[in-house]
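Naming follows writing order (A, B, C, D, E and F), and every chain is counted from residue 1.
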Amino acid sequence: MTAAAGELGGIPAPGAWRGAAWAVRRDLRLALRSKAELGVQLLFYVIVVTLIPLGVGPDPALLRALGPGVLWVAALLASLLALPRLFATDFADGTLEQMALSPHPLPGLISGKIAAHWLATGLPLVAASPLLGLQFGLGDDELVVLALGLLLGTPTLSLLGAVGAALTLGLRNGALLALLVLPLYVPVLIFGAGAVDAVRTGMGAAAELSLLGAGLLTALVGAPLAAAAAVRIAID
Amino acid sequence: MLESKQLAAQRGAATLFSGVDFKLAPGDALLVTGANGSGKTTLLRIAAGLSHAVRGTLSWRGAAVAPLDPELRAAVMYIGHAAALKDELTAEENLASLASLHNGVATSDAVRGALASWSLERQRALPSRALSMGQRRRIGLARLTLVPRPLWILDEPAAALDTAGVALLCDMLGAHLAQGGMAIIATHQDIGLSGPSVRGLTLS
Amino acid sequence: MKARTRRLGWIAGGLVLLGVATALVLNAFQSNLVFFFTPSQVAANEAPHGRAFRIGGMVEAGSLTRDSDSLTVHFRVTDTARTIPVSYTGLLPDLFKEGKGVVAQGTLGPDGSFHATEVLAKHDANYMPPQAQAAIDKAKKGMTMPSLHERSSGQ
Amino acid sequence: MNWFRFASPASFYPLAGRLAPWFGGGAAGFAAAGLYIGLIAAPTDATQGDAYRIIFVHVATAWMSMFIYLVMAFWCAVSLMFNARLAAMMAQALAPTGALFTALALVTGALWGKPTWGTYWAWDARMTSELILLFLYFGYMALRQAIDEPRRADRASAVLALVGAINVPIIYFSVKWWNTLHQEASVSLTSAPTMAAVMLTGMLLLALAAWFYSIAIALTRVRAIILERERHAGWVGEAALAVRGVR
Amino acid sequence: MTAAAGELGGIPAPGAWRGAAWAVRRDLRLALRSKAELGVQLLFYVIVVTLIPLGVGPDPALLRALGPGVLWVAALLASLLALPRLFATDFADGTLEQMALSPHPLPGLISGKIAAHWLATGLPLVAASPLLGLQFGLGDDELVVLALGLLLGTPTLSLLGAVGAALTLGLRNGALLALLVLPLYVPVLIFGAGAVDAVRTGMGAAAELSLLGAGLLTALVGAPLAAAAAVRIAID
Amino acid sequence: MLESKQLAAQRGAATLFSGVDFKLAPGDALLVTGANGSGKTTLLRIAAGLSHAVRGTLSWRGAAVAPLDPELRAAVMYIGHAAALKDELTAEENLASLASLHNGVATSDAVRGALASWSLERQRALPSRALSMGQRRRIGLARLTLVPRPLWILDEPAAALDTAGVALLCDMLGAHLAQGGMAIIATHQDIGLSGPSVRGLTLS
């Protein structure tokens, strides 16, 4: 309930970690507050994954070929759908302004927000993916690589998406956000789905997974700085 | 300690104001008045380090400061029109969260005390969505008691407050100034603050 | 009063639209909106060429043959009017029986025979103990199909 | 006797408390009889062998999944038209049971499909529309859950339940309208059942059991909902004291 | 710029048509104001349609089989993505309140909003679909049926979506909206994609198109009433 | 013509007020005052037909009215905290659009005249996003001159208005009452409205 500051009784020095911790705690509490929300996010993923076969037809061979692509595209769309909420309400109600004025560094606060966003929207998908993959007839190895790929890929999606969300602040244009973000998402999608395909064809997914890891690290360094810069521009 | 020299602000093609000079020493308050649209909010945001001025300089403790300067950020508390409240959180959670964002005291006792001093005990556990306009503003102002900052910048703090609330605000401001604090306040209505260290600035 | 007539107008308009909707639904069920095609439809060239589809009907009595060297089976699917030969490689469901309903998915070969990739048994709406079944079979001997089955097979 | 008396939560609460055990007992009795007939007395089926015994669970749950939705939609309509709190609570109490039966119908159907049709799942009209029914139940519950003001939750979720009600006739008639994999009705009001009498008896007994179970559970759940929602009303405090034996 | 009222010099009687016309005019102007928006919505559709093949792989036979399904799923997602904007800003800024208090009947005003929403987000997709279908190797007949199906189906999506959007007003939960709306979207998707498949297999799509038409008419009658009821609940 | 009998409002478990009776005849104004959170906004929304009362009745021209009753809707103009302005539209477009929604006069001349009377000529073509707080409120109030309605319900109309704005509001209200209009106004500050037909109602 009370911040670390209060629990220690004194007022600690501001810092990037403290800022990030504040943001994670606050945003996770907000996400958990509407109890249904996390479950609903997951249900959306499940429904999209079952929806695409409906549009495509019931041929099992076709479905098996589609599996990895569909699971990845659905993860990507779930991430995309959750993006506008990342900064928009904080912008509208003045929280972002207060964050910029707080003694904590802004990139730290924003990293915290992104982390909370991934924990609330990305992690459940990663956890559910093996089960859903089973429905498409994927084998054990493929399921492991699918989950591993999503574990590396979905945080990257959240990080890249945060930059787009910050850039479109105040524009109320979900489609513009999607347009900015999707080109950045495409490589993640290609390597993620590619990794599963690679195991299936017996080639090993080391290459694709390394690339996903490299992408994650790069985004981890760059995205919070870029998003913070975009936020500063938006509130000026 | 906060000083402006020849500040000017422009919006679109229109210059809102120019040549604004002010100087706030500890204990000083600046009451900014002016017609609607004369640039009060704009001036306050520049003083808080949120916006750029097109001309002129702002300095804090003698050093010129750019927007979002860390020194200034550590010293200022800006309360604007938006109360930074989350609809889903309770009044108490909102206040504690904002106080700890600004590195203030956020113990449960302190937060309840602050709520009580703004007569919000009964609303403590209500989601902020349910609060009335004036109650929302009160939570915003309660932050001032939890986060010690030398410089308060308040944009129409009395809007939506009832008479008791305005009196409380005036008391708080008086105490703050007496302790060597500084304040810049934009307002349309008389909030009862007076004294030798209270200066006015009218934009036109 | 004027407001009331206007309200009645809206209600009437809504009902008309709903009526048209019903007519469209009925019209749709006139045409074939199918989960599978019957052998008659296949024979009448209504089924797709060069693409997978489903065929449904009864397994013609006495038509089932197995290749000796592989898991491939051959049988004929009939809707009593027309018959289509089907070949399939793989395990058949338990309920697959001659004289019973079947749904097979696959493609139509140029020779007019159906190459199934999946065979599903379509069960009818009858449930009875084996003795009763035997009695009925005996009574109906000589007919193509027991009449009890007509409701589901006549679709 | 004035039946409208029971439209108030305060007077319905004790009535529900008195009725629930009877329905619970009835459910247990019918289930025991039905299971005895279904698992022991009923003969194996001529074509399906023992696999057909899933029918005893599948049919009861499938019927209930649709029937509960209709009842729920009915209470929703009542609550919207007459602004009746109790009706909304009944709808709220029914939803989880309906979702449970829908899930069971889907699972038992899928399990049955493997031995009979040769597949767990095919996207035929019956199965797809039943799956949509499950999503509608989820949507109803999620919407309720997301709105924390009970009156608003009542009315918003009622609108959703009514919109979704078109799905039920689609499920029911899907086997007639479309040429599907799923069999047609074995039991109907307009023609004789195409099922041996023992089997039919077992199936009907289990359907009755499911019915009684649903009523018992709904009554119990509605009592909990009444207590939660009326906790500020005076009579709830008295009821709570009575439960503790303070009187 | 000025309303019909002004142009005629007098004050006409309120009515459902007038209300609808007001809402269409206002919302279309808002949509056109951010000039990029219409284009962006379209671009989103184009990107999703090209994205799925990327995740699935370049096999042309597979792509041809996927075509109708992918084009329809993408249309559905584009519609879904645009939904939250339909009422949310009007709710937050008090416009919805004013609409409910205006002398025009609320269902009329809401029909107007839905119509404008479809014109701004659905119609461009319909217009672009034949071109995109070409990429998947669809033939002339199939392209015509694809466009015709979308022409009947996308307004239905907007109408059904409006009910979901109105029910989730103020809940700020995009995934919940998706959960409520997707089950209602599924039949449209099945018949829409089915229609194209039917032509491809030489069977004629009359049945599917009639069903889409019937769905549209039913939604046209029911959805504005349900959405108006939901809006009244939200502003109480 | 607008009459309430024993109105009561409840939020959550709390009864905000109960037994509220008032009666407005042509020319009457009701000034609703009370502490923050006492239920002023709630009462105004009930009177406008936006919310349900838990008990009591509201009647308009002698007939009891339910929320969103068409007769009441055709007679009332409610201006609450939310100004119903679209950020993307200009001040002029916003005003014209709102006026025509309420079936008022929305000719370009009339709209410009209304803007001018609230000293917003220069902001005519600005997107509303750029307007200051007080300017937004002025657009909301300018609607009152374009849409003739017998009953005005105004929630804190003076908030964010400068002194000139408050004076203008008071004049408008006076003229409206003199023409046989009615008004219910919730306010914390004195807006200068007085006279025999102005009654007060204090919620506690």
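Everything below uses one rule, namely that a residue touches a chain if its C-beta (ideal position, glycine included) is under 8 Å from a C-beta of that chain, and two chains touch if they have at least 3 such contacts.
Since the model is a prediction, treat every value here as computed from it, not as a measurement.
The set of chains in contact with chain B as well as chain E comprises A, F. Counting hops only between chains that touch, chain A reaches chain F in a minimum of 2. The two sequence copies chain A and chain E touch through a face in which the numbers common to both exceed half of the numbers used overall.
With centres computed as the average of Cα coordinates, no chain lies farther from chain B than C. Looking at which two chains touch through the most C-beta pairs, you get A-E.
If each chain is reduced to the average of its C-alpha atoms, the one that sits nearest the average of all protein C-alpha atoms is E.
Distance from the chain A centre to the chain E centre is 27 Å, each centre being the mean of its Cα atoms. The distance from the centre of chain A to the centre of chain D, with each centre set as the mean of the Cα atoms, comes to 38 Å.
Remark: chain B and chain D have CA centroids separated by 57 Å (rounded to whole angstrom).
Averaged C-alpha coordinates give centres for chain D and chain E that are 34 Å from one another.
Taken residue by residue, chain C touches two or more other chains at 29, 32-33, 118, whereas all remaining positions touch fewer. Shown for chain F are the residues that touch two or more other chains, namely 70, 81. Multi-chain contact residues of chain E (touching two or more other chains) are listed as 34, 89, 92, 171, 173, 176, 179, 182-183, 186, 190, 218, 236.
Chain A meets chain E in the complex at residues 34, 36-37, 40-41, 43-44, 47-48, 51-52, 54-57, 59, 62, 65-66, 68-70, 72-73, 76-78, 80-82, 84-85, 89, 92, 171-176, 178-179, 182-183, 186, 189-190, 193, 197.
For chain B in complex with chain F, the touching residues are 11-12, 14, 34-37, 41, 81, 122-123, 126, 130-135, 137-138, 156, 159-165, 188-189. Listing the residues of chain D that touch chain C in their complex gives 43-49, 51-52, 55, 115-119, 122, 124-125, 177-181, 183-186, 194-196, 198-199.
Across the interface of their complex, chain D is touched by residues 34-37, 39-40, 43, 47, 50, 53-54, 57-58 of chain A. Listed in rising order, the residues of chain C touching chain E in the complex are 6, 10, 14, 17-18, 20-22, 24-25, 27-33, 46-49, 51, 53.
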